[in-house]
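Naming follows writing order (A, B and C), and every chain is counted from residue 1.
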Amino acid sequence: MSLRFLASVTAVTLVGVALAACGGGDSDVGTGRAAGKPTAAGFAPTLAAARGQTVRWWMYGGDDKVNAYVDDTVAPAARKLGVRVERVPVVDTADAVQRVVAERRAGKTSNGSVDLIWINGENFAGGKKAGLWLKSWAKGLPNSRYLDPKDPTIRTDFQVPVEGQESPWQRAAFVFAHDSDRVRTPPRDLDGLLAFAREHPGRVTYPAPPDFTGSAFVRQVVAAKGEDAAFAYLRELRSVSYRRGETYPKSEAELSRLFGDGQVDFAMSYDPAFVNSGVRKGQFPRTARPFSLADGSLQNTSFVTIPANAAHREGAQVIADLLLTPRLQAAKADPDSIGNPTVLDLDRLAGRRGLFAETEDSKYLLSDYGRTLAELPANRVEDLEKRWTLEVLRQSP
Amino acid sequence: MAALLASAPLLALVVRAFADEWRAPALVPQQLGLRGVQIAFSGSSAEAFGNSLLVAVATAMVALVLAWPAARVLGERRLRHPAPVFLLLAMPLLVPSYAVGTGLTEWFIRLGLDGTLPALVAGHLTFVLPYVVLVLLSGFGPRLTALEEVARVNGLSPFRRLLWVTLPAAAPTVGASALIGFLVSWSDYGTSLALGGGRPMLPVVLLPFVGADPQVAATLALLFLAPAVGVLAAATRAGRMPL
Amino acid sequence: MSGHELDCRDLSVSPGDSPVLRGLSLTVPAGSRTALVGPSGAGKTTLLRAISGLQDIDAGEVRLGGEPIHARAVHRRGIAVVFQEPRLLPHIDVQDNVALALRAAGVGRRERRRTAAAQLEEVGLGGLADRRVQGLSGGEQQRVALARALCANPRLLLLDEPLTALDPSRRAALRRVIVELQQQRRLTTVIVTHDRSEAAELGQRIALMLEGLIVQHGEPRTLFERPVSAAVARFFGVSNLIPSGAETLAIRPEHVRLEREGGRRGIVVEAVYAGDHVRVVVECGGQRLRAHVPPPDAPRVGEQIGVILPSEHVWPLPAATSRPEVTGSSAAPRVTL
């Protein structure tokens, strides 16, 4: 999971406008299967139709481990099923949605060039509202039986019901990093973070909203403390933070650099494997460790969706199903791979649970993110960002 | 000395590309390695390189053929009102390439051309052409006409005039504008993505790494610079700078 | 290598909207050298371009050695042109520039090089054959351009202000080269200049062009001392035009004599030192007369002095053309020698 992908969730304006223009046209081109209990037999025709197809998977392309996972793990597994996977790297998921919108506007109702999109949040919600996605297909994937249908982060996507229009594959959780050489014991909770900052003025900061990560940190505080208390907290934190809050890092990348260079004591990300990749990229010291706060962690899921006009919708479903197999989910959770926690419900795995044993003892990954803090609806995000600018950034200490 | 100064950023890029571990305040990387190269050359980078090369060369060529007559007419001040022509030419430069790309995408989809080489070349042409015309203009105009007059009074037939005088005399300018045209096409993200329909193109592969992974971005940037550096080096060795 | 007679008849050229040549006629005898002078904007360059074919003509004809050539393509006219700027081809060396016309004519490489080298020798640039043109000085470049024009072995040589771009010290040398080579080859030549004394040195004849017409064509002395109109007189520095009854008398200022005693008495109102002479203006019977006198003899301002106009130098302007300017109508004089 990568920060740039997550960031694209918030890049909604362009797509939003485009979607508004193309209206809520219907695309009732489901798989024809009722949303019943998935069975291997029910999936056989899809598997047969998928043979020989090349699935173009539009996805954020800036994370080498995600790219490698798709190229070296997903693609070979797909090849055994007679399906080729072609990764189309984009900077921003909105680019892929934009492409689907353009095809829709040009009246291309079939044979579209986007077969699969790595997506969540507002990009999914906007496309769903406009009827861009294939309907009810995800419920028919055989491996969806390993998912917990009651889990709100599986059933909904930023509080929008999924309704079988996308299938989960990765998890995101808001985590922090410290350098165990410098700060042996990280703060327990948000109050502990403030106390640390008071003791060590200038050593704590976070990216300025509307940066995706900074905005998520603000939501994390709001979810833990309630909105007004959260802003009082943030104002107090400001007076003892890096450069007395006169400037904030512009992005997560900038905060990561400050942390890697030892100028501040904590980094943070919505990517639960970011310490793992920071060390791998040589950006973080090997003594960097992840931690979460006792107040809980924001969590969400990212999915794959299939445009209604996709040329290779059967192949796309085969790939989506493949992404849910315990073996591939376990491979993805491997710290040497993406190091991303599984979306599967371990209790449903029975004998195959052992596949996930290795994950639990990486020093760069957390096995437990603590209490789950639910994501807020997207429309509240903007209000919080505005309030932060007014009450924290512009407020003199 | 100037060459040294000019190559300093390039050198920094090379170091960055081979720095597996590099954190401040260290002035040199803590660890050198090939992680960047391994990642940059995996996946569809090679195919993207090939596609981008093909599209950029084709775009530059077509742009030259189209820009030549336009630049001659404008350069010789044969138009009474050149301002609207310039404005029309510059128009695509005022709009972000992605917007041009998405606008065109719809039409190319309707025509069933999206994702094809001609579509990519046509899309790139919209904003490559102005650069090529403007660079050609700087070398054309009265100077080239003057030399052609010399050819005429020295008994050269129209064909020989073109072959012996016009083309060789214009070669540095044509070379420079071809280089500019190539580079503008080569480095375009927006149109390549919008019209490529999923076809791998180098900027599309490179851009996601910028900011997210400095080492891979630096490595791909070197790959990105290779043709330009190659052309410049060849031009310098040939003893004449194209610009 | 003898030249061919150039004969332009009733040439009209109107590039754009306004006419530049208005029924111009000019004859340059075979093997002779005519300097074409006139103020800027008179149409001198346009005339050369019309003769060489670089400019289309609207009416009239151009004959060379009796043959009409105005319908021929430029590269088939056998006319060489030296432009104001050298216009050397940047991508080939000096000798290939010089031999351009030979290459066009299909002459072999060795022969071309030999001829080019000999031609370069003639213009005083022996040894520069292998040089790139970029390294040459302005004067050298213009000599290469001259060599190129001569190497073509043209039937007519046109030079469009070939000296203007050079600094004055180099002009005299190139002027000598041009005159010498023309005389050796007896090449019919037209040289454009805007400087009347340069025209006198360069041309066996001078043709004065005003507003798209040749108003007088003759030996330099004729134009300087026997102008056919006030306009010609003024262009050639005949600054004294004295009304006398129905006619106008013209006399050059250097021919006016000033005497302490005698003559027509007048008052010196201006005396300006101009190096080799002093420009004196004398007010004399309500008229201002100008005289150029040697510095030691110069009177002072306010001094009373006698003016003498030697009769052999006084020239009555032809009556019909004593009106101030050339009108441009077909009634304007066309003198061709």
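Rule of thumb we're sticking to: contacts are C-beta pairs under 8 Å (C-beta built on N, C-alpha and C of every residue); 3 or more make two chains touch, one makes a residue touch a chain.
All values reported here derive from a predicted model rather than from experimental measurement.
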Most contacted chain pair (by C-beta pair count): A-B
Identity of the chain that, by mean CA position, is farthest from subunit B: C
Subunit A and subunit C, separation of their C-alpha mean positions in angstrom: 85
Distance from subunit B to subunit A - Cα centre to Cα centre, in angstrom: 36
Interchain centroid distance [CA atoms averaged], subunit B/subunit C, Å: 51
Subunit A to subunit B touching residues, read off their complex: 2-4, 56, 58, 60-64, 67-68, 71, 86-91, 95, 98-99, 102-103, 105-108, 113-114, 251, 253, 257, 260-263, 281-285
Partner subunit A, residues of subunit B touching it in the complex: 19-25, 29-31, 35, 39, 42-44, 102, 105-107, 109-110, 114-115, 189, 193-194, 197-198, 200, 204-205, 207-216
Complex contacts: residues of subunit B adjacent to subunit C: 146-147, 149-157, 160-161, 164-165, 168-169, 171
Complex interface listing, subunit C residues touching subunit B: 52-54, 74-76, 78-81, 83, 85, 87, 89-92, 100-101, 103-105, 148, 152
